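Each of the next two complexes has chain A plus one more chain, namely chain B in the first and chain C in the second.
This part shows the complex of A and B:
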């Protein structure tokens, strides 16, 4: 490993191998984004507001193209509230009008009230472009790792430690 | 580099250490190494990485919606470059570990190396030589055991490895005649009974003195 430092081409090749692993993962994500036309085609459910349909930790796959029909009442969509970063997964319960200007109201299956409280100040409904995708598939529980990591930051340290230990034990 | 120990259980390590030794040895014989193949691979690879980094950059600064056309193009180009890289590595390089030219404008030589079998310590070389003026390339294939040039502790021993290369590849032998060793001599030195038998047979056919028998003579 260290001998590679004496040979710039070999060092460059090793750095490249590592860089390509990262960039390939990134480009696969971007490719999926482009195909699904969504900035975030895979999301993790963070709250229980859609139970029993989706639990915390479920991984959702989104599709954001209206090829055959418009986003309709009954679809589970992910939307971003203006000026808030956290995407919300809820069901469309009412729709007025058609096309991009249709007014949509959403509600969590497990919530008492609809989402008007969650929307930004002065916003009473969603329009199509607030939505970043409709849920087309999901994998239960897989996303729980990311919830654990973000809620318990010390787990990151533990994970790094374990990986470091493996790196030392394997001498590579 | 020869001081680096490798794990004898790791075929990839054995191969890498041997590959490095080829370059060191040939360059020490004033072969002129050509890095074109590696450079092309690095250029394609880093080109792809730069595109991915640029896509990440504009996505971060301008947002997904504003840049998705460019992102789509970047993904397509990245995929093409990755395909080109895979093609280059598996069909053009195809295991090549050394490319160069013998001293004083001699033959061009390309050496590709492989682990001959998945679980056996066999080092396989495919050596292609071509006259500098062009002309028909010649390919020879060699297969040896790593045990010939790694000792039991995993240290690389240069002498037997260099002797193997010099004896098996004519261009290298010409550049380093003193390491050329004929197969028959190798065989005789390894087996004293055989050596004796050959010596006495030689003595008979040449009518030399039978009683001395050549037993103590060195070849």
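This part shows the complex of A and C:
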């Protein structure tokens, strides 16, 4: 088990292997980000405001290009409120005007009221640039692990430890 | 080297690959299922009133209340991969102040119709949920829930405009839309044209109409 430590060449290969896995994952994420033109092309649902369509932990794939048509009423979009860094997944229910300056109002399917209360002070509507993508595809439950990790931070340490151990102990 | 941890890792890896592939295959079956949505919508009663956007506001805005009748057949949208159908009716009218072909669009009514396979997720009380589940009669797919018959339906949302003015708006049309939420795969909306076995919405757009002027308050009712 500790032979890897005795052989510096093998140890270096293990470290490089681990770095390769990490950078591959990172580049795939960034590549997807470029293709979808969205800073965060995959998001995990954090709240129940779009139930029953989306539950907590479901995975959503976003697309942020308007190739065929503009972002329209009825699309489910992910937006960031001005000066806040919490992405929200809700449906566009009103659109006044056309183009980049069109005023958009959103609402969660499971909420009684629209999102006016959620927006920043003095912000009555969203515009296109507040939106970081429209939901195009859906995968249930897969993202729940990230919710677990953020709610129980010690899991993160444990998982990183296990991953590192695996990478070091694993032999070609 | 084959220790138990290694084996566990490859079993888990294989499981995720199989699950993902199976999911994609299920999502692909959507393309084989024929979709023939159709519907007739008509505005039955329109009214414009003045009101406040919220309780503490001093600003008065005009709100349009559009009642409508809808007769739609969306039953073909229910398949084994349908989790819910989100049906919504929008009012659309031109926005000359924002540009040549600019429009305003607002949802006036919507409805979440779950497939029985998703009934347990619905946001209803225990009694409502029980009723909903019983209405499926043990089936997991219920196309009959896609048959909508609404007569002189009150809108869920009274619509306004950022300028506060909506009375006497012209060339207003109502349109029926759907959004199919799958258990796995792509979300789909009305198609602009026929795509393979998916037909575009037959009908589903009302005749153009104009909104009336602001309704004058009945003085006799006011103390």
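The working rule: the second predicted complex is superposed on the first by the 139 of 172 C-alpha atoms of A that agree within 3 Å, B and C clash if a C-alpha of one lies under 4 Å from a C-alpha of the other, contacts with A are read in each partner's own complex, and residues count from 1 in each chain.
Convention: contacts are C-beta pairs under 8 Å (C-beta built on N, C-alpha and C of every residue); 3 or more make two chains touch, one makes a residue touch a chain.
Note that this is a predicted model, so its numbers are computed, not measured.
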First (chain B), second (chain C), both or neither touched by A:135: second
Contacts of A:99 with chain B and chain C, given as first, second, both or neither: second
Contacts of A:24 with chain B and chain C, given as first, second, both or neither: first
Chain B versus chain C as contact partner of A:12, first or second or both or neither: first
Chain B versus chain C as contact partner of A:119, first or second or both or neither: neither
Chain B versus chain C as contact partner of A:76, first or second or both or neither: second
Chain A: partner with more touched residues, chain B or chain C: C
Touching both chain C and chain B, counted on chain A across the two superposed complexes: none
Complex interface listing, chain A residues touching chain B: 3, 6, 9, 12-13, 16, 19-20, 23-24, 26-27, 30-31, 33-34, 37, 39
Residues of chain C defined as touching chain A within the complex: 1, 5-6, 9, 23, 83-84, 86, 88, 90, 95, 98-99, 101-107, 110, 112, 114, 118, 121-123, 157, 159, 161-162, 177, 179, 181-187, 189
In the complex, chain B residues that touch chain A: 1, 4, 20, 35, 38-39, 41-42, 45-46, 48-49, 52-53, 55-56, 59, 63-65, 68, 71-72, 74-75, 78-79, 82
Residues of chain A defined as touching chain C within the complex: 51-53, 55, 72-76, 91, 93-99, 101-103, 109-110, 124-125, 135-140, 166, 170-171
